[in-house]
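Below you'll find the structures, each written out as structure tokens.
Both complexes shown next keep chain A, but they swap its partner, so chain B is in the first and chain C is in the second.
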Partner chain A sequence: MDLEIQQRVIDLTSKFGAENMIVMLGGAEAEASGLSAETVCAGDPTFAGPLAGIALGLGVYHVVESEVKNEFDPAVYDEQCGMMEMVLDIDSIIGEVKTVRDEYSKYNK
Partner chain B sequence: MSFPVIKKATYILVNTPDMIIHNGTTQTLEKETNPDSEYLKEIVKHLRSFEDVVGYAPNQTYIGGMTPEELSEIKRPWNASKVENAKRFAEFGEIMPQDEFYGLIKVSDVFDLVLLEKDFTEVVRGKFTSHPVLNIKVDALKAGEELSVIESFVKSGAEGLFMDGKLVGCIKKAHEFDKNLTSHIMLENLSVKASGVLALMHLVKNSGINVNEVEYLIECSEEAVGDMNQRGGGNIAKACGEIAGIKGATGTDMRGFCAGPSHALVTASALVKSGIYKNVIVFAGGATAKLGMNGKDHIKKGLPILEDCLGGFAVLISENDGVSPVMRTDVVGRHTIGHGAAPQAVIEALVSEPLARVGMKITDVDKYAPEMQTPDITEPAGAGDVPTQNYKMIGALAVKSGQLDRKELPNFVTAHGYPGYAPTQGHIPSGVPIIGHGINHIMSGKLNNFMIIGKGSLFLGRMTNLFDGVSILIEKNSGVIEEPSGISKEEIKNMIAEEMKNFADSMLK
Partner chain C sequence: MSLLEGKKVIAIGDRDGIPGPAIEACAKSAGAEVVFASTECFV
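Moving on, here comes the complex of A and B:
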């Protein structure tokens, strides 16, 4: 996960509290999405950024997961995400992110 | 309507192994933040030889040594095999080794900032003598310097130029205090200049055009040329044209991040179609900063450093000749400020909307050319196969608009797209790599059209979060050059005179 985004996650979490935070991912690849998810729950696994060794335990979801999709107006979701649903490997992405969330998230799982 | 045509395209790669280590930002940043890192020690063991770079199938495809169709036949990953009898010179250009490139940088320098060691200079001079376009630059190399002189400049801040780890030259800062004329910036700008010059010189030769008939140059890389008072003043286009000997031209720089080349193609087409200029060249050299950008991921996965080349290209746009493929200036897509950043909105703006305006369907375009990065480079870095993702998105949009059956989507991807074969040099892979092959295939009847799609990530400059892109369709020439319609005053006068004579005759009867 980009180093500056990691810092923003840290700053927002200290401002609002981890229990009031959810991180929403939108990346196109399962592996990269899993790494981003792990970064905001368990700490930066590449040890490159501010979240190295810091486990915030935040709730993290990918926009293609049904928990998220069901929150949207279907017409809006179709307009914004409908095309990408046909393109992305949805099952792999959901698999990666859910696995990370189940294991490492402490809040909003 | 007489469309402008696209006559020729050239492509060059420059293999720069030492520049990866000394000038690629992933490496220079690592040196600054973690100077004892394992990565910096490991990287020297993962550099490909020039022979391997020439034998790498995507590189051969880029310079026209093989077609994208032939590339698709080769099993992936392509870095696991070598192309038999691969040559450094091919139909569209060449793959240049690092030593010759340092010579080209020297020749491109008009402020005595570049010094090359004297024995090294003679080696390069010998190579220039047998080079098809640089043989005229043999004397411009001038005499080389003593190594001790170069070492002392490097000690006081000049950027070193290295071959296999040995110092062979340097690039000095252009000003004692100006932060925009540092040796680092001069190296980056001279590198984009030299690689741009090489692409230009190949284009002038390959197109057969009378060099004095080129009137305008648009350079579309992503570098900024200027000093502390005007950081991006620009016009490296004209600077490159000077070295390439294009005496009848002026030019300008057009910037749009990765979408730069597409913006430049549309603009060049407009200049020619309007009659302002008859021949415009769109070109760009490569970025040393991007060398080895994903090096850490490549080494982690046991791969060589695959981002070991600078890229460059040059394209000639001219008046309609009745033969060359036309630029359909009536099928131009643009991603507007109001469109929004959702992938669907972007693809609609760049693909379906411009096609719909002329009654075309998404399936009416034979080949799409979006970002054409080599997947060997991007997949190990977690970014997937970018061209394929783009073809899937375009196909998905066709499905959503009822132009394509859902189950045809996998076929659409292979039928309407080529595998990626360009280096991750930002503007370089963005649409333009297809042009050389596209022109050949249209001329041979294999393709009827192709669409170039350029997309830019503007947020990188921290001025906007907006996305950007433009696209244009290129199509077979119908062969009919329309004459200007309308009747001249002379014809009208003659018609009136004729009628008055007839009237007078009838009066006399």
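Moving on, here comes the complex of A and C:
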């Protein structure tokens, strides 16, 4: 994950509190989405960025997961994500992000 | 109980997947406040 984004995640989490935060991903493929999810839950697995060794335990979801998708206005979701949902490998993405969330998220899961 | 309503959301989009502003629009439609949205490029 972009190092600048990692720092923003740290700053915003200390400002609002981890229990009030949810990270939503839009990654195109499963492995990258899983890595991003792991970064905001368990710390940067590549040890390259500010989140190295920092396990924030944030709730993290990919935008296509039913847990969050069911709460969106369906018309907005269709317009913004409907097309991409058809071409992405949704099942692998969900499997990857959910595995990370189940293991490392402490809040909002 | 709603998962997203009243929560602060960080949207991390992907240029080749779903971009930040699209996630932001969806999260807002569920009553969440988007505090940061970006679109990453993995190329």
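The rule is simple: the second predicted complex is superposed on the first by the 109 of 109 C-alpha atoms of A that agree within 3 Å, B and C clash if a C-alpha of one lies under 4 Å from a C-alpha of the other, contacts with A are read in each partner's own complex, and residues count from 1 in each chain.
Here, a contact is a pair of C-beta atoms (placed from the backbone, for glycine too) under 8 Å apart; a residue touches a chain by one contact, two chains touch by 3 or more.
Computed from a prediction, not measured in an experiment: that's the story for all the values here.
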Note to self: Contact-wise, after the overlay, does A:1 reach chain B, chain C, both or neither (first, second, both, neither)?
What the structure shows: second
Notebook entry, point to check: Of the partners chain B and chain C, which touch A:18 in the superposed model: first, second, both, neither?
Noted result: neither
Next item on the list: Answer with first, second, both or neither: which of chain B and chain C does A:67 touch in the superposed model?
Entry: second
Notebook entry, point to check: Now for A:54: first (chain B), second (chain C), both, or neither, which partner does it touch?
Noted result: neither
Next item on the list: Using the touch definition from the top, say if A:82 reaches chain B (first), chain C (second), both or neither.
Entry: first
Note to self: In the overlaid three-chain picture, which partner chain does A:90 touch, first (chain B) or second (chain C), both, or neither?
What the structure shows: neither
Next item on the list: Applying the touch criterion given at the start, work out whether A:10 contacts chain B, chain C, both or neither, answering first, second, both or neither.
Entry: neither
Check: Between chain B (first) and chain C (second), which, if any, makes contact with A:108: first, second, both or neither?
Finding: second
Notebook entry, point to check: In the superposed arrangement, does A:35 touch chain B (first), chain C (second), both or neither?
Noted result: first
Next item on the list: Please tell me which partner, chain B or chain C, touches more residues of chain A.
Entry: C
Checklist line | Contact residues common to both interfaces of chain A (with chain B and with chain C) | finding: 28-29, 32, 79-81, 84
Next item on the list: Going by the contact rule at the top, pick out the chain C residues touching chain A in the complex.
Entry: 2-5, 7-14, 16-20, 22-23, 25-27, 29-32, 35-36, 38-40, 42
Next item on the list: Sort out for me which residues of chain A touch chain C in the complex.
Entry: 1-2, 5, 8-9, 12, 16, 20-29, 32, 36, 40, 59, 63-64, 67-69, 71-73, 76-77, 79-81, 84, 88, 108
Notebook entry, point to check: Any idea which chain A residues touch chain B in the complex?
Noted result: 28-29, 31-32, 35, 79-84, 86-87
Notebook entry, point to check: Contact residues on chain B for chain A in the complex?
Noted result: 342-344, 347, 382-384, 389, 392-393, 395-397, 399-400, 406, 409
